[in-house]
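Order of writing sets the chain letters: A, B, C, D, E and F. Residues in each chain are counted from 1.
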Amino acid sequence: MTDTWLTSLITAGPQEGFELAITLSRRGVKYTQPDGEVLHRLRPDYAENADSLIAGSQVVAVNFQTVAAANDYWR
Amino acid sequence: MTDTWLTSLITAGPQEGFELAITLSRRGVKYTQPDGEVLHRLRPDYAENADSLIAGSQVVAVNFQTVAAANDYWR
Amino acid sequence: MTDTWLTSLITAGPQEGFELAITLSRRGVKYTQPDGEVLHRLRPDYAENADSLIAGSQVVAVNFQTVAAANDYWR
Amino acid sequence: MTDTWLTSLITAGPQEGFELAITLSRRGVKYTQPDGEVLHRLRPDYAENADSLIAGSQVVAVNFQTVAAANDYWR
Amino acid sequence: MTDTWLTSLITAGPQEGFELAITLSRRGVKYTQPDGEVLHRLRPDYAENADSLIAGSQVVAVNFQTVAAANDYWR
Amino acid sequence: MTDTWLTSLITAGPQEGFELAITLSRRGVKYTQPDGEVLHRLRPDYAENADSLIAGSQVVAVNFQTVAAANDYWR
């Protein structure tokens, strides 16, 4: 990818940090499947499947660990 | 999402921290599937399925690591 | 949940810490499915299934990381 | 469980630490399914299944992180 | 493998770090299956499967934790 | 196992560290299934299956975290 989408892990607070973790999780998918058309077509497969949603939340949780540590837990 | 739901990772004690980890895990799902109606419909799929419950507990465990570290393990 | 079940992550030693990790893992399930009747009914689904047992041990391992760090690894 | 099986995370070296991680992973299973007869019966289900073996190695990897940190990586 | 592909975990910034995490994740696959022909044949199996894409993003997230820590989170 | 296969987590650089993570991941399998004949027979099950390869890369990623931390990220 040639666009710049990530210049810092520092966020104003934990909620923005959680949202950055969401972004990181989606980017982890996009690097493998950059075709937005395919991703759109797959959406019902995971957005309406409990196990996929839980697996997605797991990825967010791992990325949130990274962002939270980067921000010294916003203490 | 435009509502404010997370302003701090600091909690009064470990049990409140565990409950915050539950909240984080659920929010990780809601960012992907914000439709409460769909989530309600999916509930039996995971709440009565042993593997889904274990996978959910795994997400909570990862988020609890983050919250516990943020609170210096309430030592 | 309104009962108090977790007041500290500090334990007397590593075995008690491992058992606390078991408790945390089970609580992660109970917050999603508080109905003991349902959990009892699901027991054969995971207690006699190798992959479920391995997944359960994974959750315990993640929670044990947290408890062990909280106790400075009982050094 | 009433037997004492874990008194320290400190080991003589990394290989003993890896073997302790194996023990922790197996104990994570045994707390859920203490019946050795059942575990013996399940053995072919995971010991001859590639995905189960990989999942088992994942649990060991997580527990090895804990043991390695406890031993300051045997540096 | 005899080629040199990893000489440092230090990157110019977080986006380059994320891309290194992608590389690490792919290398983790290649060490098990070095045959590019097979990997090419398998591509539709994961690139058009929501659960595989999520699992892939999970691996990237774990590797990104390592790279981010190595770079002190680019603070 | 009675052979000595792991005497240190310290490596000359990150690539050797990644290769040690591969070794740790394979050993995590071998402790459960020491029979090389069985492992050889299972190889097509995972080496030509996208989800198994991703799961394997996840185990490597977790072990690489440990090795990288042991080496202070080769900084």
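Simple rule for what comes next: contacts are C-beta pairs under 8 Å (C-beta built on N, C-alpha and C of every residue); 3 or more make two chains touch, one makes a residue touch a chain.
Treat the numbers as computed from the prediction; the structure is a model and nothing was measured.
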Touching both chain B and chain E (chains): A
Both-way neighbours, i.e. chains that touch chain F and touch chain B: none
From chain A, the most remote chain by mean C-alpha position: D
Between chain F and chain A, distance of the C-alpha-averaged centres to the nearest whole Å: 27
Centroid distance [mean C-alpha coordinates] between chain F and chain D, Å: 15
Multi-chain contact sites of chain F, meaning residues that touch two or more partners: 46, 49, 51, 55-56, 58, 62, 65, 69
Graph class of chain-chain contacts, one of line, ring, star, complete, other: ring
Cyclic chain order when read starting with chain C and heading to chain D: C, D, F, E, A, B
Interfacial residue positions of chain F with respect to chain E in the complex: 13-15, 18-19, 22, 46-51, 53-58, 60-62, 64-65, 68-69, 73-75
Chain B partner contacts - residues on chain C that touch it in the complex: 1, 4-10, 24-29, 31-33, 38, 42-43, 45-46, 49, 51-52, 55-56, 58-59, 62-63, 65-66, 69-70
